[in-house]
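Next come two complexes built around subunit A: one with subunit B, the other with subunit C.
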Partner chain A sequence: MGATQTTPVREASRSGLQDVLARVPRWAWWTISIAIAAGFPLLNLAGVVETAWLRVGVVSLIFVLLSLGLNIVMGETGLLNLGYIAFFAFGSYTTALLSSPKFEIRWPFLAVVVVSTLVAMVAGFLISLPTLRLRGDYLAIVTLAFGEIVRLTIINLVPLTNGPNGVTGIYSPRLFADAKPALEGVQAWFIIDKPIEYYYLVLVCVIVLAVLLTNLKNSRVGRAWNALREDELAAISSGITAVRAKMLSVVLSAGIAGFAGALFAYYSNVISPESFLFMQSVIVVCMVVLGGMGSIPGVILGAIVLQALPQLIREAAGAARSDFEVYRMLIYGILIVVMVIFRPEGLLPDKIFRREAHEVDPRELEMTRQSLFDLEEGQKDLEV
Partner chain B sequence: MSFDHIMSVTIGGLTVGMIYALIALGYTMVYGVLKFINFAHGEVFTVGGYVAAFTLLALGIDQNSPWTLVAGAVALALLAAVLVPMALGFVIERIAYRPLRGRSRIIPLLSAIGVSIVLQQLIIIIFGPKPVTIPTLAISSAAVSFFGVNIRVLALVIIAVSAALMIGLTYLVKSTRIGKAMRATSQDMEAAEMMGIDTNRTIAFTFLVGSALAGIGGLLVVMYYGSLKYDAGFLYGLKAFTSAVLGGIGNIPGAVVGAIVLGMTETYGVSVDLGFLAWFVVAGLALGLYVQMVKAPQRRLAHIADERRTAEYERSIMNVYRLAPYHGIKTLLAERTDALLSVSAAHGVRLMAGNVFLAVVAAVMFANASMRIDTRWQPVIAFAVLMVILMFRPSGILGEAVTEKV
Partner chain C sequence: MVQERIRKALALMLAAALALSMFGLTGCAADDGGETDGETTDGETTGGEVQTIKIGVQTALTGPLPDYGLAAKNGVELALEDFGTFEMDGTTYEVELVVLDDKAEPTESAVVAQTMADEGVVGVIGSLTTGATLSAIPIYFENRIPQISGSVTGPKANETGADTFFRTCWNDAVQGEALGVWAMELGAKKVVLMDDNGAYAVGLADVAEATLKAEGVETLRQNCQSGDKDLSAQVANIKEFGPDAVIFTGYHPEAGLLRKQMVEAGMADVIFMGGDGIRSAELVAQTGGEANAEGIYATFGGFPEEQQPGYAAFAAKYQEKYGEEVGPYAQNNYDAFGALIEAIKQAGSTDTEDIIAALQDLTYEGVTGTFGFATEAAGAVAKGDIVVEGLTPANVPRYVVKDGVWVSAE
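Right after this comes the complex of A and B.
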């Protein structure tokens, strides 16, 4: 699909290898990726890789969920959200409060996940009510302020959140509510507490979400989002209710972040405000930019490259955590600048977004300007 | 509330506000010219502070140094705190922003965020993650008595220096050739180019001036607080940006007004009782009621063509504003076909809701008159101000200089 509809310029610049790769059908890529992802823990079972690598895998998959969610607002609808991690925080803290010794509550897994998602969605709805009228860059700053307010409130609301210490001892997920004592043995089977179990749980969520989002992207709603991103005025004139479509995308992406937050809280057992810094939002933004705004395979790739690769390198090199973080963020920063200047469409671009990203080509602008000057020079010559 | 307390809080707020203003001017000028938020500006400020602090440390002055030596060292630090950020601002613009000119708004913003992260990590790599601390100098601890209130000399210096710089900047923009070029570029870049203005040079100059002001801000902060952390630029930058938006972005006097308002709000917010703060809310409520009862109906009436402006029509417009809850909701429910009247009704209900909200806030504050807002919440104040201003009046107090629909 991608091979036949690219622009002629791109076609000409393709090398032989790229041509071969482009001919591999889409479904084959998906199958290979899923097979690799599903086979990875088997290496751990076989003793080839350490469990630490599996933990990296779980966190990376949670970040895949997050960047898929951010991609809806940022990639599909073109609204930059710099406080995205706040919705993640809403999901995490809801889970932590509903399933930890803090208030002595232990709701079943599914109920907690649903409530966490809903809480994040409500937060997204409330924040989108007054802010969606704003133009792009102001919206980015408002969401940034929102994210910081949420983080500072978490730190300051000690009775509810334990402040900077965070909520500890979050229970492991149980797929069903308390069963009869006779079923104790069976019940243990439904408790998820090993990294490999988390890995498959999150992997299934990622696959389901990716399929759903791919369908959504090609639906009426997805096309409305893309139209709004490309030209809001034209989209509105074509009968798209801008506010409703944008709100849907914000609420949906908030819900995905809340869902990811719930999984994260369960997986890490302990959550603290440290996990919801502005930098985390930027990291997710970076994943979407690297992979390709609006491109679902791209975003998945971006999240894995930026989350798994550095951690695996660190595991392999055994570098100190703080030093490593500094250089990691430095590279992320450089990466954002380089990507938006040289390849704004990302590594695995979405074909509509690529066209849009190259709409104003500075080189082309320069060329037209040059010809304009030549014309003026010629005019002068004539006058003389 | 004693006079002493109010006085020292006011001076404190003014000092903080002036520092915000120095940084905010950079945001507002760049926004005026390029319509783009230079997110890395806060980091340029931090670099200015770090360079100044390390100059002072390298020169090895301390409390016992003679004042001539201190003055020389501070002058050198000032030079460093101006030149290094200027060079940095120039390079950033050239590398990260110029290639992106003409792209949609969020693309250069992303680049700016990238630059900001790079600078912050570079500061950690070069200077280390610990906050830089300068030795206490005689000038930093000196104080004068003013109506029996002790005020740090440095606070007065900050206020005076910032005010002088702002007057200078106003002169630069209003009355010099390059200032004229800046104004022309901000109005219409293409037209400015056609008039023979080198817009690239003008934009670079804007970055130079903004970065120099931020660098001076960095020096002043280091002198005033004695230390600076590598991530200070994030919060200072955001507060300065809040000031710029609060005053009306792209508007130079607006940035100063916004910064002073923000500095005062932050300082008053956590240093005086709620009972005292409530009077500000009451003043806001009075303004809100004036808008609802007098200003808004007048404005709405001005939209009506003369032949339709009968006494009955005027009365119904007045009604939906002045008795907003009753008449307004009734008008809305009745689905008046008259577009103007139903717009007025919706507007009136909104204004009334805002005023009721303010009244409730004031009442709650009076009820807890002796309590104070905990200092822990201070950073939240600036973010809350930012959100509120962007949601309700994105054009700011004095209005944007850029004539552009938000």
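Right after this comes the complex of A and C.
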């Protein structure tokens, strides 16, 4: 297919809409998205949307953090990590131990989050030492094994983790003072306790992280990552220190997962090994791939769509009042397969990945040419 | 061009799915509206009025344990037929089940619990697994919804002591205490505790060890892996320690092997005991013969099926309706539903606070025995645990192998 086969009329109408969408500046997209995200809980307060959706929202946003983190290694640097959930587990368990009745420790929220992030970063540093020599499939296998080792260690390290029983009664976050015990029912404005409060807490984290990562992507470091992904040899010969750049990427993404893990532990009140299965790593990979590797808005959308889809199907089944609900994971799987077939580059793809997945649309080529390259050189480059 | 067409069809499909789900959202919102209407008319009791109440079933129909999940759902549905319609203050109440699947996964479980609260259920049967229950308990607690599980046996399920959590199956810890007490009754001064590293066995051994240590009994802890084919290292350790009794809290294959290797190592005189995991007819063969198995002791959590007063009738009904053997914990879930309905009747109200209070004072004649719920944690018994009439933790059913068969040790 392609633009040449379509009739002029249709092309005109299509390009009309696309042009209008393309002309909307990026800051406007961000503003609209943030407004929708921030306004969503108000629908719950107004009674239009059920509270379960707020919980889906919180978990979705936590997975947005995770996907943004994985996107650094997978999308930007091109290192496939199939054990990413292990860093999430490091963050979760650190938080669970520093703010629960397990050892009767009640650190304040900010300290716990910082330590959880650091613990995950150290884990990321250590795992990066032996693995950075590996590439492609081999790296995937090693990271997969790493994820499983961490999970099995958690199950068997009973004195620290309670093994399969998990750590229960994690205190709700208090921003500065000591954490309060769970199930006490004390209310104060600075205690984060209800789904809606968690929602805004995580939303702020997502927005800050998205801004930071967007800047990072366009910085020297981000371009070094992209160069390594596209051609490691060429990148090294252009003066990029491959090991340092890759290590930074792995450590940073591990830190983000640890941070997300801390929020997750606080939000869920209990942490048990069932939350850190291999399947969860796969889901995060799916979020990045289906959202659009290397594209920050894409990854955010991918995480929200994949996390909210099962509940959406559940609600649809609820309307029909049938046993249809049980099939939601099946439909979820089918939709993922369909998306991979018809939109391999993701929902909101990165420019580079879109070019790889499809033939280039001449109009887009034109736009890219005008914005990125010198007229003559660019056209030659892209038409190859 | 073909691809274009498929794409169009796909777009239509997705649009339809989206439209359907939006319908779902509005549909649910409308339901809520209808419900509050119902509650307002509830005050003026006119004769013969029919009132619908919702009871949630949080189970795991997908995920790692679908057979357990289905058995739980079947148990509740059977109970719905028997107790689902009842009269109270001249009003006929009809129960509508809200069955939701949590995949036995904690994160999903929290969403399911919240959905139950949003749906306005008066009580919930579930969830299925300890892991999923952990994250559901705080949400049911906050929303003041009574929750009765028929299959969560983990001792630490209700560590936070929520007053909304009840269970109609036995807490694993109870057998741990029973084993410790029994070993001391048999005069043991040095005891080896061995588990198979699984959550169930470790929990049992922990409680048994604590019970023994509290009375000054010397203990040694050993463990193996489920599926081990050689336990000679552990047997050597046991021999060196020289115990009066060995308590194995795992399952019969490893228990049989352990007993066999102990006999071979000349420790046939050492008392050998275990929980309901070893109380299987297969154990005798696994020890290498009747002579080896003679005198092995086992406890059981609650009455075993053949001693449960309503089991035969329940099994017949279950068989008739589903055409298969009774699934795991189906009768406990049946009892959970029955107890909830009984509590509603005794409370004379569908207000959840009243139902929680009624559940705490309840005495209910169920399939598995006449039982109530513990109001406070005491020893191995946790808050909300089933308390069966005629059975205490120190007095659970005891069995012994005599001439190759399990018989009561009383």
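Observations
Simple rule for what comes next: the second predicted complex is superposed on the first by the 299 of 384 C-alpha atoms of A that agree within 3 Å, B and C clash if a C-alpha of one lies under 4 Å from a C-alpha of the other, contacts with A are read in each partner's own complex, and residues count from 1 in each chain.
We take it that a contact is a pair of C-beta atoms (placed from the backbone, for glycine too) under 8 Å apart; a residue touches a chain by one contact, two chains touch by 3 or more.
Since we're looking at a predicted model, the values are computed, not measured.
With both structures placed on the common chain, the touch criterion links A:A316 to subunit C but leaves subunit B unconnected. After overlaying the two complexes on the shared chain, residue contacts for A:S275 are found with subunit C alone; subunit B is out of touch. In the superposition on chain A, contact of A:I334 is made with subunit B only, not with subunit C.
Once chain A of one complex is fitted onto chain A of the other, the partner contacts of A:P25 are absent, as it touches neither subunit B nor subunit C.
Once chain A of one complex is fitted onto chain A of the other, the partner contacts of A:N156 extend to both subunit B and subunit C.
Once the two complexes are laid over each other on the shared chain, residue contacts for A:P130 go to subunit B alone; subunit C is not touched. Once the two complexes are overlaid on the shared chain, A:V326 sits against subunit B and subunit C alike. When both complexes are aligned on chain A by C-alpha atoms, subunit A residues 156, 326, 329 touch subunit B in the first and subunit C in the second. Across the complex, subunit C is touched by residues 1, 5, 47-52, 54-56, 59, 156, 158, 162-166, 168-169, 182-183, 195, 268-270, 272-275, 310-320, 323, 325-326, 328-329, 338, 342 of subunit A. Chain contact summary for the complex, subunit B toward subunit A: residues 36-37, 95-96, 99-111, 113-122, 124-125, 129, 234, 238, 241, 245, 374, 376-377, 379-380, 383-384, 386-387, 390-392, 394, 406.
For subunit C in complex with subunit A, the touching residues are 1, 3-4, 6-7, 10, 17, 20-21, 23-25, 27-29, 32, 61-62, 99-101, 103-108, 110-111, 114-115, 117-118, 130-132, 134-135, 138, 141, 154, 156, 159-162, 197-199, 202-203.
The residues of subunit A lying in touch with subunit B in their complex are 78, 80, 82, 130-131, 134-138, 140-142, 144-146, 148-149, 152-153, 155-156, 278-279, 282, 285, 289, 322, 326-327, 329-330, 332-337, 340-341, 344, 357, 360, 362, 365.
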